[in-house]
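Report on the following structure.
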Amino acid sequence: MRQRSILAVMVLTFMLCAQIAGAEADREKLLKEPGIYATFAVFKVGDEWWKLDRDARTKAVAEAKSVFQKYSEQMTIDTYLLRGLSEKADFFLRIHSKEMSHNQNVLIDFMGTTFGKALKNTDTFNGITKALNYVPSFPEELKTELKTPPPPSSPYVLVVPIRKDAEWWMMPHDPRAALMKEHTDATVAYLKTVKRKLYHSSGLDDLDFITYFETAKLDDFNNLVIGLLKVKENRHNKRFGDPLLLGTIRSLDEILEVFSR
Amino acid sequence: MRQRSILAVMVLTFMLCAQIAGAEADREKLLKEPGIYATFAVFKVGDEWWKLDRDARTKAVAEAKSVFQKYSEQMTIDTYLLRGLSEKADFFLRIHSKEMSHNQNVLIDFMGTTFGKALKNTDTFNGITKALNYVPSFPEELKTELKTPPPPSSPYVLVVPIRKDAEWWMMPHDPRAALMKEHTDATVAYLKTVKRKLYHSSGLDDLDFITYFETAKLDDFNNLVIGLLKVKENRHNKRFGDPLLLGTIRSLDEILEVFSR
Amino acid sequence: MRQRSILAVMVLTFMLCAQIAGAEADREKLLKEPGIYATFAVFKVGDEWWKLDRDARTKAVAEAKSVFQKYSEQMTIDTYLLRGLSEKADFFLRIHSKEMSHNQNVLIDFMGTTFGKALKNTDTFNGITKALNYVPSFPEELKTELKTPPPPSSPYVLVVPIRKDAEWWMMPHDPRAALMKEHTDATVAYLKTVKRKLYHSSGLDDLDFITYFETAKLDDFNNLVIGLLKVKENRHNKRFGDPLLLGTIRSLDEILEVFSR
Amino acid sequence: MRQRSILAVMVLTFMLCAQIAGAEADREKLLKEPGIYATFAVFKVGDEWWKLDRDARTKAVAEAKSVFQKYSEQMTIDTYLLRGLSEKADFFLRIHSKEMSHNQNVLIDFMGTTFGKALKNTDTFNGITKALNYVPSFPEELKTELKTPPPPSSPYVLVVPIRKDAEWWMMPHDPRAALMKEHTDATVAYLKTVKRKLYHSSGLDDLDFITYFETAKLDDFNNLVIGLLKVKENRHNKRFGDPLLLGTIRSLDEILEVFSR
Amino acid sequence: MRQRSILAVMVLTFMLCAQIAGAEADREKLLKEPGIYATFAVFKVGDEWWKLDRDARTKAVAEAKSVFQKYSEQMTIDTYLLRGLSEKADFFLRIHSKEMSHNQNVLIDFMGTTFGKALKNTDTFNGITKALNYVPSFPEELKTELKTPPPPSSPYVLVVPIRKDAEWWMMPHDPRAALMKEHTDATVAYLKTVKRKLYHSSGLDDLDFITYFETAKLDDFNNLVIGLLKVKENRHNKRFGDPLLLGTIRSLDEILEVFSR
């Protein structure tokens, strides 16, 4: 009888490891490939939450965690803490999957937990990843620069939603690519310290792009943005931020701990 | 005695089928004809709702459903789930009928149910369907393209309210039709994967148009909108979205299930 | 003893009839004359209301009604239902009297009732009626057209607050009157189906005009507004609606019934 | 023993009278002199207030009154009722003193009373009075006109916050004074019926000016504002109102009575 | 036994003094050096707070104080009272430290106290201090002027968030420095009465600069801002204030006392 149990545990462990390995592989794909749907869901903890006693809060947090685990094979879920650095929200999730409806389903489940019901969803940004638009036409030197490996892990996250004006979209490809080259030149000095990712949102949200950054050096990021404000492409940013999100990259456990104290 | 009962059931069943068939015919008409009034009523579930126990929620949901059934012969009511993909709302109704006051009446009844009282009506868009404005003057080839049958059924819905600037309205018909031809040309590639419907709102709401889309391919929709941003008519969009609604097409039962869990 | 009572009732009835007749005459005057102050008070029923039991709601509704009756000789109070067709509010009152302070007093009394305390006053527009500004200089033919009797009674109401730009106000009278003639020409086709009234608000509110309409044909109203969007005067509308109010004309009893169910 | 009491009462009465006389003199000074700090504090009564029973409300109102009395020597506090004529607020205070911190202190005390805690502070405008800027350069005739005594007491108050554009501030003094002369000319006809006062707010608030008016004739005020909209200086008003406050001048007792019913 | 206690107290006192001295030194550095991260966290006290009894409020205030003490070595925390002079908030904290995450940590701890949970975080501005940008190129005379010592201690604080337009950023350094010289010239007359500090926010917030001022003379500050509105650089301020914060500099104890009464 006991041997059977041991066997069962071994099998389960093996299955779990295989699953995790598979999930890891998927994570790599979901974060790198084009055609992936991303949802940034931003939340503020409501007053109701703090009226629950500590035990109820701890249980609620465990329930929320189990929702994310349930969906972990189908999608990546990254978590970020805004509280203290933004008046608008307390934390946000960045979800990647192959179908927007998957993003919706996990969020519906999460928002249906006791913790989720105490949250106010203050902002949601939807986007899709796509193949690089302008890089193929850039000079070889710049292409090489762009291969600089980004910093491996960083404490800070920044998200800047962007909307372009009508003149931008109406510009023919070549002058637009020239402006984007000037824009890209301004970023080269920061490739080593600022990691970035781009999402396309036209038609999926009241935005054209979600720009996402990770860095350990906020002074570099401040200089990078000043550099981008100085190039002509900036004239076509009808919206830049509003809200800009500045937070710290924290595990789900760390974030939930803040709200279960 | 028993035979009478059977007869009664048969008669009732027949009447019900006839009624449904009639309703179906009406649905076809209401969704196709000009001169139909549409109301998009967008709702967010309030905190009060989650304080009800599960039983009360289940009963409330049944009550809400019976309101819609009561009005089903007079109008079409389509239902969409936004929760998870929009911070602004949880779901919306699209109602078509021959009189705006019918739309008002069903919504008043719905908002007077226990479920309705727990909702916050976050947005309402009113419009009217009209005969095609510019298509009659388009070249035959484009007219033929526009007969491409739309995709039969799709998981995603998108609603984009639009307001034009004064210059648009002041433009003579011919240059305006030329801009609309350029706009329409940009949509041809997506006729197979994106279904669309147009409502006119000037004077009925703080809008000029409600544009409604169904699709299974959000990547196509993203490209379609980028195409539309690139045509000159886009210069005259004073408002495009704000809010753009992205959701999934779900039956009333599916939506109510999310909120009765 | 009994005869005395009968006499008393007769006298009271007579006085009441006389009073009503007087009130009616006043109503005519208040709705037609220049120099009358109007307040549009827009309300949304708060969550607190629905927590009252049905009896308390019925009593509260009677109390609210008696406030309006108390002031009925001094002013006209018209009532409109927005619920279902506007996310912003549930109903509004249009009050006319000879002094703005009368409008304030009745509203203070109304807002002090149990029903009033459960309301959120979402918008208030103040204005004054004035003699026609541009019509005297219009050609005789147009003046004759403008005498077309408006539709006698209509189910729908529309209110469009308007603010003009600085260029409008700085324009000399003659070119301004020419623009207003073009504007008025665009309305002639709809005089039979759309009734209208104008209030001046500069300095009394964050508006320049409140435009008020009644109609049975919302399709005509949609076309009328499109006609007005196409004339040059439209270039000078800094604000047109925001909010545009679309509702149905309902008696106080009908409106209160919706909220006492 | 009894005589002593009488003496004490006499002394107290005398002191009180002397104090009131002093206060009156101060009131004159505070309302006329330059270098006085003014705070307009606008409040809306919250739902919590109406949940108190009548007794608690009456006591709370007395407490609020005693705060104002405590500060009455140091400052003037004028009170105005907005309820019914503005959706944004119920009443406002206009405070004048020699130091902005005095204005803050009385408001902190007031907001700390039971009544104050039930209020929502919806708007606050801060300003300073200054010597006349443009009048010294006006022609003698206009200077004489400007000495027209204002109406002695009026039922209505109007407050219009104003923000000028960059071009206004960059204009040299002479052309700016010419525009202000044109502006002032447009006001001459209304000096008899409209009393006015100006506060400077640049750097003290998100405003450049607070313009304050008292009148018995709102029709005159409407015409006065239309006159001001027609002069070229109006092109430089980036903000005019938003919110414009229209209310009635009421004693503290009258206002508190409305909220203690 | 008693001697040991005395010794322990002496040691503790010594350690505390050393610590305070160290902290003081750090304060000097954190307030003067470039590369320091600042967070302005603005709060409004919520209705929930006033429902606590006085004892609970006193305890909560002590708890909040201890959080600040815990972090006092790592950062400076300055406190300001807005209540009464701003409808938007009641008080704000200005935090300086060497890492933005330290600012976040103290704020998370503070917001997790009983007092913190009753607060609404209405605004947060993040910035970084940097070496002077334009001063090195200014003429010697102006450089000397700029060495005027600021007023040593002042009762009033003013914070003005600023966002520049695209043209500003695109301007080459020399004409931009010329505009900044003109701007700086306008401030010279006020160096003796207005103390100022500048934070850079591009990319760290929806701002470009946080400008911070202390003064005893609000009339001077009003004139200073009017002077700045008149220089050409003002044309490039897309946002100036909104909100401008005007408050008084008060110790943590004074602020907490206002809310523990």
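By letter and in written order, the chains are A, B, C, D and E; residue numbering begins at 1 in each of them.
Quick note on the criterion: a contact is a pair of C-beta atoms (placed from the backbone, for glycine too) under 8 Å apart; a residue touches a chain by one contact, two chains touch by 3 or more.
Because the structure is predicted, anything quoted here is derived from the model rather than measured.
Engineer: Quick one: which chains contact chain D and chain E both?
Structural biologist: Both chain D and chain E are touched by no common chain, going by the contact rule given at the top.
Engineer: What's the minimum number of touch steps needed to get from chain A to chain E?
Structural biologist: The fewest steps needed to get from chain A to chain E is 1.
Engineer: Calculate how many whole Å lie between the centre of chain C and the centre of chain D, each centre taken as the average of the chain's C-alpha atoms.
Structural biologist: Comparing mean C-alpha positions, chain D is 31 Å from chain C.
Engineer: For chain B and chain D, let me know how many angstrom lie between their CA-based centres, rounded off.
Structural biologist: Chain centroid spacing, chain B to chain D, equals 50 Å.
Engineer: Please work out the Cα centroid separation of chain A and chain D, and write it as a whole number of Å.
Structural biologist: The answer is 50 Å.
Engineer: What are the residue numbers in chain D that touch two or more other chains?
Structural biologist: none
Engineer: Could you classify the connectivity of these chains, where an edge means two chains touch, as line, ring, star, complete or other?
Structural biologist: Topology of touching chains reads as a ring, each chain with two neighbours.
Engineer: Can you list the ring's chains in order, from chain A toward chain B?
Structural biologist: A, B, C, D, E
Engineer: Using the touch rule from the top, collect the residues of chain C that touch chain D in their complex.
Structural biologist: Touch residues, chain C against chain D: 35, 37, 39, 41-42, 46, 48, 100-101, 103-108, 111-112, 117, 121-124, 126, 128, 164, 166, 169-170, 200-206, 208.
Engineer: Can you tell me which positions in chain C touch chain B when the two form their complex?
Structural biologist: That would be residues 47, 50, 81, 83-87, 155-156, 158, 160, 218-219, 221-222, 224-226, 229-232, 234-235, 237, 241-244, 246-248, 258, 261 of chain C.
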